[in-house]
Amino acid sequence: MTATGILLVSCPDQPGIVAAVASFVAAHGGNVIDLQQHTDHTDSAFFQRVEFELDHVDLGREEIADAFAPVADRYAMQWSLRFSDERLRVGVLASKEPHCLQDTLNRWRTGELPVDVTVVVSNHPDHAELARWFGVPYHHVPIVDGDRATQEERVREALIDHGVDLVVLARYMQVLSPELCAAWPERIINIHHSFLPAFIGAAPYRRAKERGVKLVGATAHYVTEELDDGPIIEQDVVRVDHRHSVDDLTLLGADVERVVLSRAVLWHCQDRIIRYGNQTVVF
Amino acid sequence: MTATGILLVSCPDQPGIVAAVASFVAAHGGNVIDLQQHTDHTDSAFFQRVEFELDHVDLGREEIADAFAPVADRYAMQWSLRFSDERLRVGVLASKEPHCLQDTLNRWRTGELPVDVTVVVSNHPDHAELARWFGVPYHHVPIVDGDRATQEERVREALIDHGVDLVVLARYMQVLSPELCAAWPERIINIHHSFLPAFIGAAPYRRAKERGVKLVGATAHYVTEELDDGPIIEQDVVRVDHRHSVDDLTLLGADVERVVLSRAVLWHCQDRIIRYGNQTVVF
Amino acid sequence: MTATGILLVSCPDQPGIVAAVASFVAAHGGNVIDLQQHTDHTDSAFFQRVEFELDHVDLGREEIADAFAPVADRYAMQWSLRFSDERLRVGVLASKEPHCLQDTLNRWRTGELPVDVTVVVSNHPDHAELARWFGVPYHHVPIVDGDRATQEERVREALIDHGVDLVVLARYMQVLSPELCAAWPERIINIHHSFLPAFIGAAPYRRAKERGVKLVGATAHYVTEELDDGPIIEQDVVRVDHRHSVDDLTLLGADVERVVLSRAVLWHCQDRIIRYGNQTVVF
Amino acid sequence: MTATGILLVSCPDQPGIVAAVASFVAAHGGNVIDLQQHTDHTDSAFFQRVEFELDHVDLGREEIADAFAPVADRYAMQWSLRFSDERLRVGVLASKEPHCLQDTLNRWRTGELPVDVTVVVSNHPDHAELARWFGVPYHHVPIVDGDRATQEERVREALIDHGVDLVVLARYMQVLSPELCAAWPERIINIHHSFLPAFIGAAPYRRAKERGVKLVGATAHYVTEELDDGPIIEQDVVRVDHRHSVDDLTLLGADVERVVLSRAVLWHCQDRIIRYGNQTVVF
């Protein structure tokens, strides 16, 4: 498949925006192959994703943004332009649980996830062998004497050193500081092992068992300063019953976590997601 | 299908309980057609449902309980015995929203729900015509001058007058007093329009929209003194996305509410549910 | 909500189509509030739905189509234009089973389904009272002496007499002739009580039980000459197990049938569906 | 958790079977911790699974079967007795696609799947490195000059040499001969990449795309002589739409395949499955 350009746009709603963007693409020889648009009527907010083939575009890649800027300015757009063959550099953070880390690495290796995984960082040494097998640098950054700040600083350095665009928290059980969140805004994706906003915080499967729920779920969301409260990207659930122990819920939930996280990361890498307040538009 | 007896048993776990119950049934000529047993290992709690054909049982229906009592005593059982052809008398409480009321009446009329619906009570006059069409007495019991206590007293009288065994809250938007809850212990089923424990309380669809969830759900539970905190019987969800307004969520959720409530009521009427602390075993 | 115009477009793919359509809307003062576009790369086929507010459009409703025609011609479009406040006239056909008929009528009465149900036709007399309660003319058109051709002719007359735009087969168990199918092309929606293409034809729940499936489903599709083979609009499933009899599957499936049919009819009425060969694009 | 014994029983229905089995267990000091029973009324067939703690059983493990035989004979039972700490020896067969093989190996390594994987056999060389990483012998058994019989004979030898109790076809794309099927009766589990009986045979995702289905699924079943027609153990589905290509369906379906296969294998290893004609009872 040929390379495409992807414009993600959000702005106050007014007539003519779709025409302006589509006409820009057409005027420069681009062929739209996927366009999704949404208007939030409550707030008169406009959102759009346009994916277009680059083959016959009469501008160099580096010229497109400059050419588009006047259109964007006219409608006070927040926008981004990316190209489908430019892979995001992904850093994965994990703690003890291996299943989400493993799944992410595996989808990357098979090509399902079109990214470059450049580093795995963990506060545990457990996954060194796994990372080596996948050929990814592994940084074991333990918390020493309860000094979380220093540990986080070293995590941040590792991510920066490896040029990470997108941070994937693959069951990383440390709370990130507001500073770290701010360093990768809307570019840190976490998987929480419950159907948020149910069971915010620790031990959701145990609490799900205690509450006697009949479904357990998982939630992928962008990380914000507030714990487990960032914009939700994807959720799913699986049916459980009284015969399932907390360990059973954990195993059943792990299957959901893997799939939900992988979808969220894929959609982010395909530039399908626009954050909007504390919500997401997923095209 | 021939009539069956259904024994529901819970007690502390120890060896020999299944054998004792099954031997009792067999000794009196009963044929077990469905038996489910569960042990909760955390608390060493034992649960069992036995359904047996009555055809060749050598006891009269009214004698079975007396004959079983010594077995029950030996194992300190909490237990119940019911017969599949003895229909529960159901009272349905509703407020403005008609869909769960209508669905319950309809499943009753088609025979899907093997109960006698003996009365519909509402704090609104809206459903009088509907109840008349189904041939069920309708009591409009409004809240006058904000006097909820008096209104609830009249609701209670209506339920008692119509000999109600099971109260179904079909989107009844009034909180029941502890006294009313205590009058039908584990025999009041509510449908809450969210995936509990997410969105306890009012306006769950609006709050679901604000939180940006990707699934909305419904929860059927036994009513206890604590709002939306009773033992969960059944839950289900439906996928939503950013294009859905609060009204859309409400319509999509209504389909889930109907089905979830109907399952919970059916299972209750089939004696499939054992409450256990704040959980349920659903056989 | 204000009235909107909805353009549905399909044509061979080429650059500039989105821009042309959106520019047309913008040039006449329309504000796009929902636009979805899809390109099928295998066949280079282009599909688009544009919904735009009519408030400030500088053309009368009856002028828009003429004004758009040159744009449509330029790209060899198949297209339609409808207005959100013009309700389709719906005729419902049913046989013995009432649940889909009842559900359709009910969603119409509550306003969930923005249509005019103008007639109910059945080869059985059973639903006369139901139709009367909803205030819809009921035509009982039995098959006399096995003469299906005459019966179908009378069905067709009833549909024509009531000015039906869209025919909903709400568990109507008669096969339609090619002539009747051709009279409402892509405007007859059937609900089949299986997950097609599994269990095409009669008695799908019995066959599902015999095959021992662990899910049963339902399929809404446009009717074509070939039985159960028309373009699928929507499908869903529900989990079953060995404890469920054929009757249980039928009841569980009925809940899925209702929801799947109602979604398909709603989407059709919202002009969300484009038929494409034997497939559908559902925006 | 302490070791348990698991009795799986099927026989013609008659009164007293549950009592006889439960009394046998109780008489020898066993404590029942999970008992599920089902009667198929159509055929008067009786099914039961009893799991009991071995701690205080007054028989040696090897004596239990002999002691139970008279009970079994009295009711003409087909039955099996296994112990929860005796691990099945599993052989995995794979072709090109790695995801089910990998998932099976991984669940085994993490302990989620309580088996011994003793050998991986493939008609392709691709998975040698993977098997080595997991420490499992890998047999590459290609089809040479189209001679399938010789290849299958070598596969069979590998399975026998490694003492395989259960064969898992993890997307193994060769049809097994009746002889091989007969060698592991009800002990060969296949994952088919469709919601059977839809899309029996080759290329189900391509055919699903062509048929325009709105869900794709996967089916785990015991292998019988008839292709894709054995008793179904588990099925699940995932929602798709017109934007998904055949490749997308393949990736989405792969997630379902993994989970469905893993459940079927786990349930088999937990002795939860009784084959019954061409159906399964899954307790």
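So that you can tell them apart, the chains are marked A, B, C and D in the order they are listed, and the count of residues begins at 1 in each.
Here, a contact is a pair of C-beta atoms (placed from the backbone, for glycine too) under 8 Å apart; a residue touches a chain by one contact, two chains touch by 3 or more.
These figures come from a predicted structure and were not determined experimentally.
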Q | Farthest chain relative to chain A (centres taken as mean CA coordinates) | A | B
Q) Does C-D or B-C have the larger number of C-beta pairs in contact? A) C-D
(Q) What's the distance between the Cα centroids of chain C and chain D, rounded to whole Å? (A) 41
(Q) Measuring centre to centre with CA averages, how many angstrom lie between chain B and chain C? (A) 36
Q) On chain D, where are the residues touching two or more other chains? A) 34, 38, 41, 243
Q) Okay, in this complex, where on chain B does chain A touch? A) 38, 40-42, 195-199, 210-215, 217, 231-237, 241-243, 245, 276, 278-282
Q) Taking the complex as given, what residues does chain C use to touch chain B? A) 34, 98-99, 102, 106, 110, 112, 133, 243, 251, 255, 258-259, 262
Q: Within their complex, state which residues of chain B touch chain D.
A: 1, 13-20, 22-23, 25-27, 29-39, 41, 48, 56, 239
